[in-house]
Amino acid sequence: MDVATLGNMLNTAFVFSTALILAALGGIISERSGIVNIGLEGLMTAGAFAAAVSAFHAQEAGYGSASPWIGMFAGALFGVLFALIHAVATITFRADQVVSGIVINFIAAGSTLYLVKLLFEGAGETSLVDEVFHKVKIPFLSDIPIIGEGLFNSYPTTYLALILVGIVYYALYKTPFGLRLRSVGEHPSAADTVGIKVLRMRYTAVLLSGVLAGLGGATIAMTTTGTFSHNTISGQGFIALAAVIFGKWNPLGALGAALFFGFAQSINNVLQLFDFSSQIPSEFIYMLPYVLTILILVGAVGRSKAPSALGEPYFQGKR
Amino acid sequence: AKNNNNEGGASGSASPSASPSASASVSASPSASSDASAKDMKFAMVTDVGGVNDKSFNQSAWEGLQRLEKDTGASVKYLESKEATNYLTNINQFVRDKYDLTWGIGFLMVDAIKDAAAKNPDSKLAIIDNVVEAPNVASVTFAENEGAYLVGVVAGLTTKTNKIGFVGGIDIPVIKRFEVGFVAGVAAVNPDAKVTINYTGAFDKADLGKAAAASIYNDGADIIFHAAGGTGNGVFNEAKERFKAGKKVWVIGVDKDQSLEFGDDVTLTSMLKEVDEAVYRVSQEMIAGKFPAGVVTTLGLKDNAVGLPETSTKNVSKEILDKVEEYKAKIISGEITVPTAQ
Amino acid sequence: MNKLIKAFTKESAVVPFIAILLGLLLGAVIMLIGGYDPILAYKSLLEKVFGNPYDFGETLTAITPLIFTGLAVAFAFRTGLFNIGAEGQFIMGMTGATIIGVSVHLPWYIHAPLAVLVGAFFGGFWGMIAGYLKAARGVNEVITTIMLNWIALHLSNYIINDYLLEPGKGRSYMVDDSAAVTIGWLSRILDDARIHWGMFFAILAVIFYYVFLWKTKQGFELRVVGSNADAARYAGINVNKGIIKAMFISGTLAGLAGVFQVLGVFLNQAVSASPTGYGFDGIAVALLGGNTPIGVFLGAILFGTLSYGAAGMSFGADVPPEIIRIVIGSVIFFVAAPGIIRWFIKRTFGKKRKGEVI
Amino acid sequence: MEQARTVVEMRNITKRFPGIVANDNVNFKLSKGEIHALLGENGAGKSTLMNILFGLYQPEEGEIFVNEQEVAIDGPNKAIKLGIGMVHQHFKLVHPFTVTENIILGSEPKKWLGLAVNKKLAYEQVGNLSKQYGLNVDPYARIDEISVGMQQRVEILKTLYRGADILIFDEPTAVLTPQEISELLVIMRNLVQQGKSIVLITHKLKEIMAIADTVTIVRRGKVIDSLPVAGTNPNQLAEKMVGREVSLKLDKKVAVLGDPVLEVKDLVVKGRSGLNALNETSFVLKRGEILGIAGVEGNGQSELIEALTGLRSVAAGSIRISGVEVAGESPRKISEAGISLIPEDRHKHGLVLDFPVRENMVLETYYQPQFNKNGFMDFDAIDEHATRLVKEFDVRTPTIMTEARALSGGNQQKAIIAREVDKNPDVLIAAQPTRGLDVGAIEFIHKRLVEQRNMGKAVLLVSYELEEILQLSDRIAVIYEGRIVGEVNPAETNDQELGLMMTDYKQPQGGSNIEQAD
């Protein structure tokens, strides 16, 4: 395999990974505060939908290349809207967090498609957005072998995701906010007794996860599909959830997990370029990313420790 | 509806090649006579799990029915299948509601149509892309390999890098026909060109299509023919992106004239598969009392049911199009037999 | 028996009831906003399900796999495991049944049971992989089951494509008649609806679920593992074996759902581009039913009825069937957060009282 | 001590929980510079009262005055502002965090416009504070790496960091070693000298006598009495608290020794860190005796218990029960060989809290033929069994179908003891059997243990409370760094001597790593 192929593979890996990274960051923030977020899939769906719709309208209204950014913004906003449902249910009404997450997935899938049908006269898909993101070469950096092509010639969303990894990492481990957030997920009553507003913290975290997962979904609409339909988001949210756990609830870990998964996906395309690939049943090639993920987990990572209070509703005087 | 009987009897042996009688009547009928009887008739279709907006045969079929409604005043309706169990129940919904003709759209409908037909001998059914041998079913299949051969000719003559790609959905007989015909067409005009085959394993994953296209283009190919439904959107997106970055690459679309949706910058041509036309015409025959019951119609180049769209002239040179015509004639005349499977 | 009566008179029964009403109400509001007629829609839904014997029979057919996958997910939950992999286990169950149904030829009294058993085992084995990886290597089952879903999809496509394919059909050969578990006479009564023995097995599975978990030694062990793994270890229960066993049983239940879809409904297995959704619906059913036997059973009935009826809604009232997903979602939501319902009751009753005073 | 000014007054406080009045018209007064003890049975309402003062609960009725001002304490934030700090019965520490992170949590020193925690300053401040009060805590250590005693000091630092003048200690000594207890008492005296006022909740009469100025006794939510400690005595206090006469002395006949039943020889067990937690430990336990294992927590006791019961693998050595080798066998095999365990952590190991009492009563015996027919549970037999045990051991539970979670701590412990004793084991291991229980419950449990010994059973008692060890044991083995370093006769020793053996024995120097940390 030559250097150019490797760079191209990496580049493709980033395309796959970007949305996963963003959604996984959302998952981390929420779960670090103690709220299980199995609704990432739904939040991404909401984000992708809002992005496709609003970018389309922005483009029609003549916003040009600002349209995908408007889409991203709308995606984040819509993600928050659905995250709010999750927050109210799990934090205020102490509903089971897994149940609520599954519900988010259901409602997001149903309502976005319903809205598409209302907004696009019965069509099951939004109209194609022409003004989507394009890869941006970063001067000089893009000349570095392998990672130049692999990373520094990527979508703005990829750069955004990587920057957000840094920001979330910093926020979690260096700021007062992060310290408090983590304490709320580990030992909410400890946080409570030092005057931290546990419920408010958790609301913030879940809403932020809506922003990030919404952005993740929007990324897919604004880079790969240009439209939204029932299968724009089909399983990425769950892969992102896996990345959260795989990455041990750490932004850098999740970045690694998401990249690994993206890379495994791109391997199977490269494989098909070789003549010997016709000897391998294509099904085995499709399986590859999933099998590799399991193998890595078995070989390297082992047990990961979730935040101690993950999944437990909190109320004062809880015993 | 009685005169269907002799036609049904005639096609006892459902040969894959089109029965001449069927194609003759197809070309004869489309006089839009919105007589009173048509207004009382009800036509329906059931989609496969792709849904009615799949940008592929389901959508095309629905467009055919919608045109029928406009032209004849007949009422039309569709039901989408969420999962495979719904094929039969959806078809039965129409059959039991005494629809005059119910279409099963797509390859996968075959068992459901067969079952419904056997249990409701008085009803009329039709299927696209597959064959059901029953006296009350009209089957319409396409010689995709013939059309694919022609776009193969275009690709073989257009490529500058002698590298060409094919992106398929899943490896099933229909899609295989596209692949085999395409590869044969390329080989006929440019034996040096290499065709990279990539089946993505899905008809609905644009991200997989995009990644597949990226790796094929990165490998030096300059043309990709896709037969992958929604997955193919990813192929177009990848090409558009490269175009905007200043690299000229081509996509050959499928089923419909995809230049209309994805623009002329990247769409070299498309391999038309006129499902809408077929649905429209067979339904018209039904109105005219000439439903091809029990007949298997294979629509190919000679029926103008597969082929290249008019818009091809924008990006394909006159010489190449002339070559295409040449090959088309040879296929119709039988001088060339396009393979259907490897 | 007393318990049963209690269950229906106490709040625990009132909550789901109100939840269903609220869910339907929400659906109606959304339909109104979209310009549809909710009354016609719900009428069409009911008509679709109860309007004629055929559709009623088909509704039963739609409910059956949901009972199995719902029980599968619930069973794992009871053992402290989150089985997102019912989907993959379902697919493997189909594949096992198809292999036996297509490739061996035996008298019916051996063939059908063998196909059922092998399919169930395939599903169980698929679940067991995740169980083993958790027990032996500590790999979180949430991840492995997600991955195994996709692996199952492609693996079974491979098996069909390369070994069982009927040329030109995009699916396996039809299974032998001797392997089918359809019930001809009942189908005939129900206007040719696809009725099969799976329905009775589904009811047996509900009973099994209850008896096994709450009445048997092994069930007790698994519940201890699920409730407090440390205490289980202390009590001399082999926790790792418990996890593997639980995932095996869970997978078997999900696998059976697939088995009966093949042997009772399709009689073949198609090459499939995407997951079927039964596994994920199973999660919803389990949660809807609070992981209790009766709950899962009723949850599956509700879920299946609404989903099947959705086609009627779009047929009779042109309402997009997606609405039903929103309805189901909100029903689960209201069941899961009884606080919302209590709040709702308080609000409405509170207002009434105020109104009376004025 | 200067003339006492009232810093806290709680008037007519009533707090109800579903089905119970936890505080019933309670009056409570704390003077400046005093140590005020709160005494009462389990569930009397002590913690509730203090949680109200700290703003965690809101009372239904009553007023609170702090420094003679009426206040509404609507949350811990408000309490902290008023200078109230609380060290909780169950520590409120975030385990993966460092000492400093725990202390500054919620009032972090900041830099860069509040965008970052000023860690350097934080560590410095915590280090200084620790020095100022002589607490010797390593600011950089992670909570899950330090001892329970240290964790408690972190809790104290948390309150001091927030400038608390009124400190509430909720059962601070229940989890401490004797050494740590005496150090804590010194710290408390120190604090009072620096002008703080302290509320001390404890079940240990000795501590009250040793350090408190005033004691308030609560029973079933009501204040029974409030009196100066000088001029009272333990027996009187115990009586007031329980409402009947309690014998603080245990009647114990002379032991009648039988054959050896448990023989441990050269046992080596690896601890969590992979290092040897037990180093060639050997001892013998005979029928009819109680062998107390004395030692500072963390010297291999937990590992010893886990190895003896099959919960931890054995690296080398032998364990024989009535002559049968069981080292490395499964917990089930060992249980069947005749070992029963009253575990240290009743919530983690002892009970399945979500299960009804009846199922908890057969947690280890469910599979035996008397409860089990052809793989099916025999619930008639199980119910009968549970009903009998509940009665025999006076487990106060509404019904045998009640979830174990709903029982009070003392009754949970009684349920476990009932189950373990009823297994009729040859060897009964009791790990911390009375931790956190009130005198009444302790009396009950001690009687049961002695009864077992009198019946010819062998009892292995592992406890960090010297008093308990001294009172119950017929023989005491001292464990230090995974070895039995000595055996003494309880009649011929005292806490001083034991304490020395447990801590100073062959220990290099008095200092620990604490001093290096500064």
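For clarity, chains are labelled A, B, C and D in written order, and residue numbers in each chain start from 1.
One rule holds in what follows: a residue touches a chain if its C-beta (ideal position, glycine included) is under 8 Å from a C-beta of that chain, and two chains touch if they have at least 3 such contacts.
Labels paired with UniProt names: A = Nucleoside ABC transporter membrane protein; C = Simple sugar transport system permease protein; D = Nucleoside ABC transporter ATP-binding protein.
As the structure is a prediction and not an experimental result, all values here were calculated from the model.
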- Item | Selected pair, greater C-beta contact count between B-C and A-B | A-B
- Task: Could you put a whole-Å number on the gap between the CA centroids of subunit B and subunit C?
- Result: 36
- Message: Centroid of subunit B to centroid of subunit D, CA atoms only: how many Å?
- Response: 77
- Centroid distance [mean C-alpha coordinates] between subunit D and subunit C, Å: 47
- Task: Indicate the residues of subunit B shared as contacts by at least two other chains.
- Result: 80, 171, 201, 204
- For subunit D, write out the residues touching at least two other chains, lowest number first. none
- Multi-chain contact residues (two or more partners), subunit C: 154, 157, 161, 274
- Task: Sort out which chains touch which and give me every pair.
- Result: A-B, A-C, A-D, B-C, C-D
- So in the complex, which bits of subunit C are touching subunit D? 215-218, 220-221, 223-224, 227-228, 230-231, 233-238
- Message: Which stretch or stretches of subunit B touch subunit A in the complex?
- Response: 51-53, 55, 80, 171, 196-199, 201, 204-208, 210-212, 214-216, 218-219, 230, 233-234, 237, 241, 244-245, 261-263
- Going by the contact rule at the top, pick out the subunit D residues touching subunit A in the complex. 51, 54, 56-57, 75-77, 80, 86, 88, 92-97, 101-102, 104-108, 110, 114-117, 158, 162
- Would you mind writing out the residues of subunit C in touch with subunit A in their complex? 30, 34-35, 82, 84, 133, 137-140, 142-144, 146-148, 150-151, 154-155, 157-158, 161-162, 274-275, 280, 283-284, 287, 320, 322-326, 328-330, 332-333, 336-337, 339-340, 343
- Query: Which residues of subunit A touch subunit C in the complex?
  - Reply: 85, 89, 92-96, 98-100, 102-107, 109-111, 113-114, 117-118, 231, 234-235, 238-239, 241-242, 245-246, 281, 283-284, 286-287, 290-291, 293-294, 297-298, 301-304
